[in-house]
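Each of the next two complexes has chain A plus one other chain: chain B in the first, chain C in the second.
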Partner chain A sequence: MTTETAPPTAQAGPRALAWQRRRHSVARFWKQYRTRRAGLLGLATLVLFALVAVTAPLTVGSDVSSVTAAPGRPLQGPSGELPLGADRFGRDLLGLLVWGARVSLLVGLLAAVLSVAIGTLVGVTAGHFRGMYATVMMRITDWFLVMPTLVLAIALATVMSRSLGTVILAIGVTSWPTTARLVRAQTLAVESRPYIERARALGGGHRHIMLRHVLPNVMPLVLAQTTLMISSSILAEATLAFLGLGDPTVVSWGGLLQDAREAGAVSSGDWWYLVPPGVAIAVVALAFTLCGRAVESVLNPRLGVAR
Partner chain B sequence: MTADAASAPAARPDAPPAGQPPDRGPRAGGGTAYLRYAAGKAGGAVVSLLAVLVTSFFLFRLIPGDPVKFMTGGRPVSAGQLAAYRREFGLDLPLWRQFTDYCGKALTGDLGTSYQFRAPVVDKIADALPNTLLLTGTAFVLYSALGILLGTRSAWRHGRVGDRVNTGLALTLYSVPSFWLGLLLIIVFSVGAGPVPGLFPTGGMESGGKEGLAYAVDVAHHLVLPVITLVAVEYGQTLLVTRSALLDEMGGDYLTTARAKGLRDDLVRRRHAVPNALLPTVTLIFVNLGRTVAGVILVETVFSWPGLGGLFYQALSVPDLPLVQGLFFVFAAAVIVMNTLADLVYPLLDPRVGR
Partner chain C sequence: MSTQDQHGRGHPHPARTRLRAPRLLAAALTLATALGATLAPAPQRAAAKEKRVLTVAVAQSVDSLSPFLATRLVSTSIHRLMYEYLTDYDPRDAHVVPGLATAWKPSPDKLTWTYTIRSDAKWSDGRQVTAEDAAWTFRKMMTDEGAATANGSFVGNFAKVTAPSPTKLVIELKKPQATMTALDVPIVPKHVWDKVRDFSKFNNDRSFPVVGDGPFVLTDYKPDSYVRLQPNKTFWRGAPKFDELVFKYYKDGDAAVAALQKGEVSFVSGLTPAQTAALRGQKNVKVNEAPGRRFYALATNPGAHARNGRRFGDGHPSLLDERVRHALFMAVDRRTLIDRVFQGHAVQGEGYIPPRFSTYFWKPSADQELSYDPAGAARLLDEAGYRKNGDGRRVGKDGRPITYRLLCHATDPNDKAVGQYLKEWWGKLGIGVTLDCLDNVTDPWLAGRYDLAFDGWSVNPDPDFVLSIHTCAALPATPKDTGATDNFICDRKYDELYARQLAEYEPAERADVVKQMESRLYDLGYMNVMAYPNAMEAYRTDQIESITTMPEKSGNIYGQDGYWSWWSAVPADSGTSSGGGSTGIVIGVGAGFVALAGAGAFLALRRRATAEDRE
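Presenting the complex of A and B:
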């Protein structure tokens, strides 16, 4: 990454300098991340799953979820042509698993981004504007924090229509308080540094300080938080789908598990129907957690995560 | 849940890092300072509980559709009957009257009547509560003990193979959906897979027709698989919190002193390091209870355990609004009360804080 950067020259403008600094810190970050074996393993797994999900239309095609064109008998066990067997409609389970990766990853990603975005907004503003506003915002945050997140998400998913948007919204708006707390603490730390005072003395407004000074400083933290949040969002999505609160028209890993349970896979001992979706959820959630912890330990070596 | 879920390992972000517990309590002063602190915490808890009460009312009024239609289940019913149902459940009143009625009744311990069971919500909850407490309590004690034990060992020998295996296993189980693990355990140990015969019942809490000791043994037999599931998915969090709390303590000078006195390694760990690391850990175990609530709902659903979680699932599928509302309140209240207790106990446990 650093190879294309020109050596610092006196003519370089402030913008170019800033970019150069950013490229350097990314390179430094990567150099340290590379030494975390668990983090690399997680990253490799994620790349693999992402590739599978992105290329799914080419490899399995969207008609894999069609009930009428099912290739196998209902609840057919694993065989040569259907390596993971068939579901209760006779659809190819391997194909469904691959197709389900798209929904699970997408929902996990979007819910986490939504949750972290709300958390960052609340955290930065509550850290920047002190007084009444901060007090009220942190009260709300604390209140959300003690609510059992899943119960709240279930409640939201119950009252809204069954769709992917609902699931994303339900997970996103219930899981942001952790991020808000973290970001606020970091904002307070950044704002106490002298260069913020300098920016203010030079006439920098609230927006300028929050966007140009505070935000770049909390971004690394936000990145780590997003990675960890994706992992829990994927688990939350699977849980909601399993409870029958997901979108019934799309294939997701949690939905496959619910199908399997409704089809009586448990009492008839059809483990091949149940095992793959659960393993997929666990592997992806674990991979995101490993990445998140590696990012965290690089950014904050005091945590003792990788010691 | 989940959701604050995966962030928890090692560095739980919403609570400050181990070693700096969330609230240090009163810094100076004696008994009065503690009383003032306790009153503040208790007052906050009461406000939270009221907020939960209000939320649970309005949140579930947002459900589109007529609750009476749900109740009659699409059967052809005359307009007169519908009106009678509305009157029975107080649905013919304007929303603000429904709300004041709800609040007034809730304060006297009446949470309304279940649409589904035609029984007071409070009774349904009271019936299910002991079962949930049995399951959750057993699992809670076991996973806390296991997490603290393994976390201590892991931190004491950090970086070695044992630590890596321990942490890796905890993280893996932590990423496993609890309901899925429950289903797998049922397949392997109840239905029987390959050479393993069906050892445990597939669900429920008792086989019926037993009394005395035989009944207790029967319930314990039914308890095994749900408890294993809960412990497996929850202990990782405690392990990681304990591990990082102990790692924070391990650089302490007092440990060097203890070793210089000639104490055995084992004693240094048990008498000096662990008690200090345990304080933040205990607080975090209570703070993390919200996640356990989620686990309990799923595990009870999967194992048809006749507790609050199973009831919640049943109520959701109708949807039985008063029951869902009441259970929502109970779950949130449980977490709030436990958190408040942890806040209240903390300054008493840690002599470095307060007086």
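Presenting the complex of A and C:
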């Protein structure tokens, strides 16, 4: 959250104390998180997928997406050489699945971060400033909230050129309003506490209060929201790619499904083209949701009581 | 692209309200019976009336229903059904047969043509079709720039068109014209169309049914949804045998195939190799594969300009160099494309006109051919002065690395697949490619905002039209206008040859000139034909008993040069399939309700049983 490093611990200054506190709370968080089996399962799955995606350049390499150097016949079934068969160009589907994980995860992460960043900005400022500004911002939020996300994203992706950036932007710009609402509510709750009033009395400006007091307090919520948002971003990316709005030269899971559909794999029953990317999307989305729920239940005391 | 809401996230209904089981059950049962009662008579009704509908799955959007504007295959095919032309092509071997004209005769100097118009043809509103209708149609295209958008090339050489009597049409020419027995122009009713004010705007989709004299009458149209036609019972060649013809839109190929498998549509075209293979073994489905009448080409922007000399668009300047265009095509391995993308269901591209039209088919000689040679292509680019920089990228005259925009149809899987191959092949040459896949390629295309583009036309038995779209005369008048031009090509030598072939009445001589034109076009390198895709289509044999292909031996069904396929289609005798479907629905709906009611009752009972435990 902050980039400063811990000073020498010769004397326990306020900085050192703060860091000690943070270390403690991380340890406490992990201790509680560890008790949630579903969360651990999700985390393990994520680590596995992340490892596969990060090491993809070493294990399969970018050649796997080359159409001119494809090893198999078009739509070849699974065999010893190609465990998941070949796509419509004769490329190795297992390799494509691994290679596609990079794009799907990257887009999911960046889109979620963008969406949560916008949501947090709008939420904190609207909760802090109130008045006219808040009314306007919240009406804009409402407008985005009632607009069907997918339709808006499709409209955006259609008018802009087809690239990864467009997809990230389209998802991020359309999915922030829930975060904004959540963060605003939390901001209002935090700002009603007495220490905010004290800070203000001591001469703390808007900037100081929002950055030093409100933001650290809404951060847990933001973190949980990001984790949950990633899974829906991955699904949205897959949906957009499946609808043919992604960059056709970039390999992603949704793009693989779209290719399969266009090649007629559905009607000809070439399951090896359809099932693996679909399962991969489902598993990663599920893993992020499990993690997100676990984080949420650890950080949000109100949810914790029910357990 | 269609955006049905099938991906929307539905919210499960929170059934928190307490419902008492008996009432719920009763309500569900009432609903089920009511639904059953409304659905049950459907099969009997269907059997009693038995309206035989021929449903054709299509994907291409209609550009316009006005025959003066439409150029897309789907629209011109529909116009063939709505309006009779002066002459038709025989379905067996495409020789010219009488249409609206029963006979025709040129004067000795070949400059005056006299057509005898048949007296047994009627418009669908009961009026007689006369020579004046035809004369008016041609005159309109000659005098009104807006009416000449689609078929202006046919009348560019007309001096005067008159109708001395209701059965006599006289066309006087400025110069001899070889296409006088192949005027592919829909003749429209004068008494309806002379009310139209602006021909460049009127799309003929306001009032239905649309008055016509073809085998079918257009009765209803909803963009990207359906086109509905009724048979014209008084059609002079004989009424079609189906009771209705519907072109139904399926923007997704697999959905169309699924509809065919379920019997919702009778005919599907444009199948992929995988779909063809899957449908081959199926019961009640016949797959028809035929050499196509289309070419599939790579068009290069020659610097878009209008007839008034004004340049527009932003084509890459390096493409004006013939060596660059040749180098690009030399890096294209057409054999791999046939083998991988079309999986053998296409013929390797050579000249402009597909080999199916053997009279006009031309292929480059061995030393003229731009055969696959990446090394040669690299040499040619070096020669042209486009050398590689430190990063291995070729640099344009402006000092920036070259990246071409390749315009592709988002709805065509082949475009995207071929685009990926091109990207890699040209990438090895040091040239970058961005694939611009759009649903609507027309706007950037007409504005000249592209470098390269995927292009394809269906060729008629008489090639005049596909040749005319590359002449200077086809260019738009000003940058704001829309011309008939395909790709803004304007070459004086080509134009001279075009004029020569148009004036040549001797078929062999004309074919020779047409081949010279193809050779010229090939050398220019603005239109590089990569393949002639086969027509791959399938129909249900339990709905269509027989249908005419064109040509009769190994011919296609969809997009013929005439109305033969849909006019000749004979319905199969089977009223059982639709009845079975409806019964199935009734049973399914009933079973669903019973299950729902059961589940509801169970839940409600359970909630009541645990009522004391809760709260």
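Rule of thumb we're sticking to: the second predicted complex is superposed on the first by the 290 of 307 C-alpha atoms of A that agree within 3 Å, B and C clash if a C-alpha of one lies under 4 Å from a C-alpha of the other, contacts with A are read in each partner's own complex, and residues count from 1 in each chain.
One rule holds in what follows: contacts are C-beta pairs under 8 Å (C-beta built on N, C-alpha and C of every residue); 3 or more make two chains touch, one makes a residue touch a chain.
Every value quoted in this text rests on a predicted model; they were computed, and no experiment measured them.
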item	value
First (chain B), second (chain C), both or neither touched by A:154	both
Contacts of A:271 with chain B and chain C, given as first, second, both or neither	first
Touched partner set for A:177, first chain B, second chain C, both or neither	first
Chain B versus chain C as contact partner of A:293, first or second or both or neither	first
Which of chain B and chain C A:261 touches, first, second, both or neither	both
First (chain B), second (chain C), both or neither touched by A:116	neither
Which superposed partner A:281 touches (first chain B, second chain C, both, neither)	first
When both partners are placed on the shared chain, which of chain B and chain C touches more of chain A	B
Which superposed partner A:210 touches (first chain B, second chain C, both, neither)	neither
Touched partner set for A:243, first chain B, second chain C, both or neither	both
Doubly contacted chain A residues - partners chain C and chain B	148, 150-151, 154, 158, 161, 239, 243-245, 261, 266-269
Residues on chain C engaged by chain A in the complex (per definition of touch)	1, 3, 5, 7-8, 252-254, 257-258, 261, 271-275, 277-279, 336, 340, 343, 410, 413, 416-417, 419-421, 423-425, 434-437, 439
Chain A residues within the chain C interface of the complex	66-68, 70, 74-75, 88-90, 148, 150-151, 154, 158, 161-162, 239, 243-245, 247-249, 261-270
Complex interface listing, chain A residues touching chain B	38, 115, 143, 145-151, 153-156, 158-161, 171, 174-175, 177-179, 181-182, 185, 225, 228-229, 231-233, 235-236, 238-239, 242-245, 254, 257, 260-261, 266-269, 271, 274-275, 277-278, 281-283, 285-286, 288-290, 292-293, 296, 300, 302-305, 307
Parts of chain B lying in touch with chain A, wherever the complex brings them together	1-7, 9-11, 13-14, 16-17, 48, 51-52, 59-60, 62-64, 158-159, 168, 171-172, 174-177, 179-181, 183-184, 186-187, 191-193, 202, 243-244, 247-248, 290-291, 293-294, 297-298, 301, 312-313, 316-317, 319, 324, 328, 331-332, 335-336, 339
